[in-house]
Structures are given as C-alpha cells and as structure tokens.
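Please read the structure below before turning to the comments.
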C-alpha cells in the first residue's frame, strides 16, 4: 500500500487530489492560511471595487449573479455585495434534487431578507439520469447538479446580459487542492471548464443518452451563444479573507439561516450542507475513494480558524468520519431506481481497496490516522 | 497490584452519617461507598449515640444547624457517643464548625463544644482583598503527616466553600491550616474527634485518601 | 494560595446533551453517549467542577433532570452545580438531595429576588451561583434571561450590582456572542468586569481549546474558566488541557490521579481480589 500521510497541522490526507505538503508536513490549505495573514487585503478590496465598477449595469439591470443555495456562503457573499458595495445583484439557485425541508426553509428565509432571485429547475428526469450516470461512471452521486450550478447559471447570466458571476470560495485554494487561482482575481470560462469538469464531463453527457435540448441547462454555452458578450467569474475568497465560520455567523444574523437540530451525519457541525439529501452520499463516496469525509473537512476548518487543536480534531474525526448514510438509503434507491444490490455494486466499485476492507457488508478503514 | 496494598484485614467499617435534615449527603455517601465501606443515614438519636463511627455534615448557617441538632436531640446523642462511648467522629465543613464552642453567624449560637475553638466570619482586613465566600481549591499545610494526614505530602489541595471559619486560637492534637488572607484552621484530629473545613468528598483523590485515613483510625 | 478552576458545563435538554451555538442547540447524545465518549469517572479527575444546566426549550421534566444529576454525580468527587428553571426553594432542595452542591439560578434574578434570598437563607450564599447571559447590543452589554430570549431592561452593570446586594456566592458570566464559537473568551467582557468586584467570577462563552482558558486564567478578575463545548473536549482533551496548563505553570489545584484506582474498594477486599 502506498504510504498515506496526514497534514501535521490539520488532518488533510495525502490522497486528496492536487494536495501538496511543505517541509513541516503542512498541507497547502494550512500554508495558505498562514500566507493570508500577510496579504494586503486593502489592495485586494481596491481591485474588487474596480471590477465591480467595470461590471455595473449601465441600464439599471443586474450588476452580477451570485449562485446561492440558502446556505451560509452564498448568503454571506450576497449580503456583502448588496449592503456594503451597493450592488444590484441577482441571486440564482439551481434546484437540487431531493431537497431537504431545512434547506428549503433557509432559502426562503434568505430570500425574505430581501434579494432578487431566479430559481432554475433543470428537468427532473434529465437531472436524475445525469446524477445516476455520474454516480455509476464517476462515483459522483449528484454530478448533474454539480454541473448545472455552473452551466445553468452561466446560461442565465448570458441570457440576461449580466457579465459577472460571483462564487464564494475557491475550494481548491482554501481547502487543499490546486493553488492555481490563489492570485487570480477574475477568470474566464476556459478555466472553469478545465478544472471543475476535468475528465468526466463529456463521458457522462454522452453516456446519459440525453439529447441536446434535454441537456440545455447542463451544457456550457457555445462560442455562438456568447456572440459578443463575455461572462467573467470571480471568487469572493480572493478579495476578502475567507472564513466560512464568519459567513455562518453573518448568515445567521442577517439572512435567517437556521441550523439542524442534530449534528449532520458524518460530522459534528449542524450549520452547513443542509439543502439536499444527496450530499450525504457524496460525502460518503469521497470517504470511500479518498479515506476522509465530512468530519475531516470540518475539522480542518476548525483547526485553521483556531477553534480547536489537531489532537482534539482527531477525536472527532475518529468518532464521526465516514458515516454510512443509513437514513437515506431507501430514498436513494427510489430516486435512482436501483436495487440495493445494484447500489452496493457501485459503492464497492468505488471504494479504495488500499484504504478499505469489506467487513460484514461495510467498508471499514484499514488505516489509522496519525 | 492487589497483593501490595497494605491494609488491616477487617470488616468493612460501618459509618453512621448523621441526617439532621441539612446538607448534601449524597456525595458523602458516594465517597464512602467508593472506598468500600458501609454507610447508613441515621436520624434517630438513640442509634447515633450508639454508633462507633460518626460523620457530621453541614450546610447553611451555624445557628440554624445548631437549632436542627437541638430540635432533634441529636446534639446530645453526639456528645454521648463521643464522650461516653468513645465514638470516632468527623465533622465536614459546617459540621466541623458545629463541633466548636461558638459560632457568630446569623445572630450567634453556642456549638457542641467538642473542641474549644470559635467560628467567626472572615473580616475584610483579614481577607486582604480576597473575595467571600472562600470557594475553590486551596493548599492545606499539615502539622504532622500521621493519623488523619497519613501518606500526604507536606501540603495538598482541597476544596473549600465557606464564609465563616474556625479560629486558630487553640491548636490541639494534629492540625492543618490554610491561608486565605490569613491563616485559619482547615482540619484537625484531637483524639477521636476530627474535623475538616474543606470537603473531602469534593476534593478528588486527596479527599478520598483523607477519608480512608479517618476510617482506618 | 487559592487556585483557579477549570469547569466543564453540560447542557441538558430533555434527556439529551447539547452543543450550544449562540444559544441555538444541537443535539449530541444521551447519557450513554456521554459515558462512552467522556468516560465520566475518569473525566471528573481532570476538572475542578461540573456544572449541569437544564436548558430544555420545551416543558421541563424536573424528575428526569434530577435523575440525570444523580447519575452524573456518582463516582464524581468534585463540586457539582446544577440549575436551569429553578423557580422555588423546594426545587433547590431537590437538586441538593440529588447530588448538587450548588444551585445555579438565572431568570429568577429577574423574577423574584425574594425567592433567591430564601434559597440563600436555607442553603447558604456559597451554594448559590447566579448565571448571567450577556450580549453586546450597540455598545452596551445587555442581560438576557429565559434561555437567552428575553432581553432585560437592566444593563449588565446593574445586574451585577443586584447580585452583590443579595448576595449570591458566585457569578457565572456567559457571553452569548461567543457561545459555542471556539473563538476564545470575549476580552471586552473581561475588561467590563469591575476591578474590585466582590464575588468570584466564572467566565464562560467561546473556549474551544485549552489555549483559550489561558486568556481567562491570566486575568485577576477571573476566578474560574468554564466551557460547555461538548465536541472539542471529547476523549482525553480535558485531561490533556489540564496537564498542559499545569506544565505551563498556571495556578490550578493538583491531586494524584493515579491514586484513584488503588483506593477504590480499599475496605472491601472481596471486590479487590478480582484484580
């Protein structure tokens, strides 16, 4: 078995795609956390103002699009852009399949706190087929939705002549992946296509058997669609020190965000990813493929923001990581129209055999976190 | 490990915990049971006077405590047990205070007089800026490391919670002191009469060790 | 010398133990969960005191709570403070009879000083801890009662003055802003405490790791630090925290933890022989 390492500061695993470690054994997310202390955030804020001014609508239309789910991050970015920078923003949600009550409630609360909004619902069946295909072909249970939150939003921005889309954080930069865009304020569609949909995109679309009109919301606009228009993308995390816990506190205070009454499965937090049932499966698949799950991710955030030590985090990760989403299995089977054994075959296929061993029908880790 | 513990092979000691309607008895019971001894909550003065090991707990005001002892006749029972029948007694916190000659709290009252010391409130001058009540762990210094204080280092931390304390006017037998602004009597053992101002049942392993010593004596 | 204290607080809601995030509760587990993950008899040897608060948001089942207090106090040889919904002297007595050494009151301060005086008269002021939940509103600290939902018209200063008049034994000062955040204690709140405040202060709200305890312990105004963070201090964490603090020279009580096992059942050789 290839040697597996854990970051000496947080608990990020070497199995994570595009992760790197420095001489201290600190992963790039932790290194970035330190680098951020020395960044001239004032200068970056200046850049933000310039970019916002460039993209402000001259005709009283919308200045930018902010994809939101009703969760803490989108709510935070929207709140800042509207109340601090006076932007006329259009928030956009791509309706998730199997949405949860709490998620629906949070989205409503967010909207009721006063934002223009467009709700995009890609065809249920097309979404379902893409999700199922993604699950089987790539081990990504909601691949269709992951695609649509980019493609459908881009199409909408294009169709409404809005030239800027604001995302929250660059997950790659903040949590341990490619550091490519850590110094990039604004970028174009080519980058998006390359990183986020590397590898599987064409394959899944083809395998789905869906035709072009069914796939409208799942495809990037073509050159022709763009005509003379341009859509740019930015991550809020470039312009302000990204702190997802701070986002949670602001969303709670100003956008009506509510938490779940119990801990979310596979972790110890209760205030994020409350919008859809498939997230738990997504987290579980990540665990089986890479060896770490939601608790590890959340622990990393807590450690980097100074709320707990690595030793404390270890206790929590050992207790909660890698939870099998028992409570949703029936829901998944019905949604995918699969039998338990078909479902299990997919799980078995994607489990990393170097990290896990099947004992009594469940994949158990053969490693111990050091 | 079991073979190397030195203890007298005897029947588990039977403790009579005096129940006069005052005090958190539950924790004391818990501690004694933890040590493997037997404990009964007794309110009958007759039984109390015939007991061989007595524990006197206490909570609240000195005056109310003495009233409760008098009303139930337990005050006389304790004196009979200790003076006539040679019973061994440990007073805890206010229980220790009640064994003194006089307590000024809440209007004042005479104590059981088992030891001659009086109980007074810490004064502002004595406290030297410390807060009242004296609550928390504090260091206790032992005059001798035997009897009640066997197997302890020179000083140990115990849990206190009180605003009144026994004066150091007379130091009989072996005793322990504590400093809170000024030195006061923290514990003593005079013949068969023992007392601790601190709560041994709330003082972690230090407290359990002291209780063991009391029961072994 | 009087030691400072490290206190662990358990938040109880109708049979479950909770994590509080700015006073919103997250269910974590029941007594079984607590016993398994906190190994209570061992845990109590790493802390100075235990506080158990009934923060039930629905109707309180007092009997059930009392049973939990009793269960938690077994084999736990440290002071235990219990409270939550204390409205009369009888319940204060019930808590004492079920293992509590101190009673914690909160909303009662805003409802009936008379009842508090009665409790103090019966149990002694050192048995009464007044817990205050404070939040920064504009530039002032305001007091909230009823599980942080009812804003009082009194400011924190006025509230503190009331408490010294009664008097109660100690003050448990909790920051609603920092509650459950793991951001450390609120420095401003520490600064707010009057320099010559007469009652011992237990500081709470925001501790996530032992380094945060240091912020409280270093202040002359703070006599004890508390945390209710059920996740962060799981497993050996409280024990490790204490060892680290003692090693760094902080003024905490010491006792020989190893004695614990050897002293158990010392008077009952029959039980011992099974070892």
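Order as written gives the chain letters A, B and C; numbering starts at 1 within each chain.
Here is the rule we use: a residue touches a chain if its C-beta (ideal position, glycine included) is under 8 Å from a C-beta of that chain, and two chains touch if they have at least 3 such contacts.
The model shown is predicted, which means the values in this text are computed figures rather than measured ones.
Chemist: By CA centroids, point me to the most central chain in this structure.
Modeler: Chain C is the most central one.
Chemist: If you take the mean of the Cα atoms for each chain, which one ends up farthest from chain C?
Modeler: Ranked by distance of C-alpha centres from chain C, the top chain is A.
Chemist: Chain B to chain C: how many Å between their CA centres?
Modeler: 26
Chemist: Cα centroid separation between chain A and chain C, in whole Å?
Modeler: Between these chains, centre-to-centre, one finds 38 Å.
Chemist: Can you give the whole-Å distance between the Cα centres of chain A and chain B?
Modeler: Computed from C-alpha means, the inter-chain centre distance equals 63 Å.
Chemist: Touching at least two other chains at once: which residues of chain A meet that condition?
Modeler: Residues: none.
Chemist: Using the touch definition up top, name the residues of chain C that touch chain B in the complex.
Modeler: The contact residues of chain C facing chain B are 1-5, 44-45, 48, 70, 73-80, 96-102, 121-127, 169-170, 198-200, 223-224, 252-257, 259-260, 262-269, 271-273, 275.
Chemist: For a test of understanding, state which residues of chain B touch chain C in their complex under the given definition.
Modeler: Interface residues on the chain B side: 1-2, 5, 7, 9-10, 12-13, 24-27, 30-31, 34-37, 59-61, 94, 130-139, 156-157, 159, 161-163, 179-180, 199, 201-209, 212, 215.
Chemist: In their shared complex, at which residues does chain A touch chain C?
Modeler: 245, 249, 252, 258-263, 268, 270-271, 302, 305-309, 311-312, 315-316, 319
Chemist: For the complex, which residues does chain C have touching chain A?
Modeler: Counting only chain C, the residues touching chain A are 19, 21-22, 24-28, 37, 181-184, 208-211, 231-237, 240.
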